[in-house]
Amino acid sequence: MDDVVIRVVDKLPTLRDPILVEGLPGVGNVGKLAADYLRDQLKAKPLATIYSRFFPPQVYVNEEGIIRMVSNDLHFYRPSGSKARDVVILGGDYQGISPEGQYEITHRVLEFCRTLGVREVFTLAGFAQGHVVEEPRVLGAATSAERVEAMKKYGVVFSRNDPGGGLIGASGLFLGIGRLFGMEGVCLMGETSGYFVDPRSAQAILKVLVEVLNLQVDFTDLESKAREIDRIAQRIHDVEQHTGEPASAGGSGARDDLGYIG
Amino acid sequence: MDDVVIRVVDKLPTLRDPILVEGLPGVGNVGKLAADYLRDQLKAKPLATIYSRFFPPQVYVNEEGIIRMVSNDLHFYRPSGSKARDVVILGGDYQGISPEGQYEITHRVLEFCRTLGVREVFTLAGFAQGHVVEEPRVLGAATSAERVEAMKKYGVVFSRNDPGGGLIGASGLFLGIGRLFGMEGVCLMGETSGYFVDPRSAQAILKVLVEVLNLQVDFTDLESKAREIDRIAQRIHDVEQHTGEPASAGGSGARDDLGYIG
Amino acid sequence: MDDVVIRVVDKLPTLRDPILVEGLPGVGNVGKLAADYLRDQLKAKPLATIYSRFFPPQVYVNEEGIIRMVSNDLHFYRPSGSKARDVVILGGDYQGISPEGQYEITHRVLEFCRTLGVREVFTLAGFAQGHVVEEPRVLGAATSAERVEAMKKYGVVFSRNDPGGGLIGASGLFLGIGRLFGMEGVCLMGETSGYFVDPRSAQAILKVLVEVLNLQVDFTDLESKAREIDRIAQRIHDVEQHTGEPASAGGSGARDDLGYIG
Amino acid sequence: MDDVVIRVVDKLPTLRDPILVEGLPGVGNVGKLAADYLRDQLKAKPLATIYSRFFPPQVYVNEEGIIRMVSNDLHFYRPSGSKARDVVILGGDYQGISPEGQYEITHRVLEFCRTLGVREVFTLAGFAQGHVVEEPRVLGAATSAERVEAMKKYGVVFSRNDPGGGLIGASGLFLGIGRLFGMEGVCLMGETSGYFVDPRSAQAILKVLVEVLNLQVDFTDLESKAREIDRIAQRIHDVEQHTGEPASAGGSGARDDLGYIG
């Protein structure tokens, strides 16, 4: 079996100077939430499914009892307007589960995307602050000084100290290996606590992204998810205040709910 | 050394639209118990032995002092009747011990089975409920809505919530990778406690399978194994009730016996 | 870099129906002690050095300050007498440090040995009993009933229950993979406590081996090593009896000595 | 993706009998400190960047917000004088993170260096003594007796017992695998406590190296770094004396500073 198997869903579309947007599971699930929301709102079409021996040996079963193997997936969106650029969105169930797997999957996906004409990459991620963040800023990193300057205009913060240890995982590698392919790229990181899934942080980076890419996206559903998380977090806070202990084993089950949202 | 080495025992038989039945070690050893019992009852013939560097580096020594390397094995059975389909049974000592090994072994075995003409796969497994199950149900997962409907007629339960996290290991991968080979498939999961080997659960899934495949199997021996486990479980229960502690270090040795059965 | 690199020391000798004897580090270091002692006593000549990325990334430095990379090594011995068979001895610093590495190294060494004409393998190992063994028996396992019977004549014990879990590591794999190359083989296991290096156990298996292979070996040095271990073990026993605690941190340092012997 | 990707920065220079100097992260960061300092002082020019799937899946972000993937790097220096030999310096962020990765990266870098004409290697490392070392000695290991003798003239100590367990990691492998390429080599190990980064130890080995290679290097900056570490270590010592506990969580933050220096 190939290390990475890319199955094209239909025949390969001819894309117009496409931009790759990556959002895989990670800190606060911020990147995945954002990419999945973008895909759903744009009604992006399935392009290819990616299987790999570097993913867990696992299949999911849906509510009808039908299985699918864990995967990453590419969708594409063609905006109307003759000058608009197409968007390719990468999402999925997992990042590669070993360092070598991360390198290999990223390399293979970028190699495939190059055949689609991709020369520019946006990666989406969360940045764990270790405390609750009311109004998440969007931090940035990029492959060139020009990209840094361009992103500052959209309010992206390039902090001297953050992220101190650099970027670990797909959001970093897609930029790093992308450079080996001659691609330029930007990583957008939404501040988040790091303790639970964070649709508000996802919303923050997505708002920047849609402005940069000149896309139309309705944020109602994502805002509503964010409020749901707020309510649950508040409940946990209340229970813990009241009992003086973590709510995990408590009657409310609120903490458990957090894992299921998003 | 190849990652996976498949040694054909004799010359390859020409099979009639064969169905692959997989049953490897796992939860409650349910899948393996069922596949081994089916093989023995059908007096299926050895077809191929599978070695892999993804198995533990181990040989077994039998009572005569003769070694054999750990392996998986394929046997085949030709039912009488001109319209009957042949059955290929996969069993063995281990699943691959790394995620990559699981993918690779599954892929190579399916590739080999495709050359035998296999287009349909049944995988057998246990489903851990975490408590003793008196009358194990048979839960299902499948590759298509048609298979789901077909299986419901045999009493297979497709539960909205189980298995929640999907299927891990060979029983899932043989369906997932099977789809990449264009094969259809069904996973039959016998409910089990998850605490010891469970011939009763094996019996439950096997009864469904033989009905689906229209095979004749005598369940006397498996029922007798199931009763033996019942007796041992009862003894452990009694000892623990009496002493107020786990029986593991007790004089009866009953708990130890559980591991050796099946 | 190749997974396994085999460097022939000189030009390849033409060997007379050679027998491979394997003794690598393992339980009680019994196999390695025996193989190294045999090599030294026979003044066997260097044949090839084996490097592998499956060994630890390590070099040793000798007393003169000169380095050598960790390796396995093949030596060969030509007995006098026109009908005698040559002996190839495999020893070394480590077994492969991953399961896959164990398979690969074994496979590559056997492949190389086949080109030398090897059709028969003896593997040497310790068998941990978990308690001190005054007069270690030699347990056996073999690739065929004929070998089992032949070995019984030399006092080798084929026990119905030992080794229960089979053989793990090189001593098992050299027989198991050897069979894939059509080689016959025997594993000789010396009983040992499993707590420290055991030259007495090594002596026991070597005495069988030299009789089987019709070699002349003086056991004086090995016996003297065995007595040294006996003395140290006795000292530890005395200290522990006296103080009521393990001697490891004691003033005698006796327990530490054990690791350095052999 | 290749296991190891070597990107030549410009076109390959033609080098004059070049010597490779390796200094990667390790004990006390001694080797890396020395190699980086040498590179900076000599104003060595970038030659090639080395990426590998055996490094962590990580990118760094600099103060301007621009990313670079973790790597090793080769620089070269051409001394003036028609008879002088060129120097190639290997430094970087990480050693390979698995044993196999260490072997593979070392092999590939040496293979590349051979095409540059490298026939001689110096590896730089720290040797952990477990206690503070006021005047670090330089210990040595080499590929031949001639090199050992040659190094003794420069005050390098070849100790009968150190390093007892040999050399682990790049500094050992570059010599060991270097021999497979027919290269000669020397490892210079600076004594260090092993508890923090140690510019003084780096200075000790570098002073030997520049004398051997007949290079001109100003040690002012390295000496100043060493004094800074001395001051911090003294502060930690004082705090711990005073409070009777480790200073790690103390108000001074001195212990934290140690990690950032160098």
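The letters A, B, C and D name the chains in turn, as written, and every chain counts its residues from 1.
One rule holds in what follows: a residue touches a chain if its C-beta (ideal position, glycine included) is under 8 Å from a C-beta of that chain, and two chains touch if they have at least 3 such contacts.
Note that the structure is a prediction, hence the values are computed from the model and not measured.
Peer 1: Which neighbours do chain A and chain D have in common?
Peer 2: Chains in contact with chain A as well as chain D: not a single one.
Peer 1: Would you kindly state whether over half or under half of the residue numbers at the chain A/chain B interface are used by both copies, giving same or different?
Peer 2: Both copies touch with mostly different residues.
Peer 1: What angle of turn lays chain B on top of chain C when you fit their CA atoms, given in steps of 5 degrees?
Peer 2: Angle of rotation between the two copies: 90 degrees.
Peer 1: Find the chain most remote from chain A, comparing centres computed as mean CA coordinates.
Peer 2: C
Peer 1: Averaging only over C-alpha atoms, locate the centres of chain C and chain D and give their separation in whole Å.
Peer 2: The answer is 38 Å.
Peer 1: Where the CA atoms of chain A average out and where those of chain C average out, how many Å apart are those spots?
Peer 2: From the centre of chain A to the centre of chain C is 54 Å.
Peer 1: Spell out, as numbers or ranges, the residues of chain B touching 2 or more other chains.
Peer 2: Residues of chain B touching two or more partner chains: there are none.
Peer 1: Can you name every pair of chains that touch?
Peer 2: Every touching chain pair, ordered by label, is A-B, A-D, B-C, C-D.
Peer 1: Note which residues of chain C are touching chain D in the complex, please.
Peer 2: 1, 5, 7, 51-61, 63-70, 97
Peer 1: Touching chain B in the complex: which residues of chain C?
Peer 2: The touching residues are 96, 99-100, 102-104, 106-108, 140-145, 148, 158-160, 163, 165-170, 172-173, 175-177, 179-180, 187.
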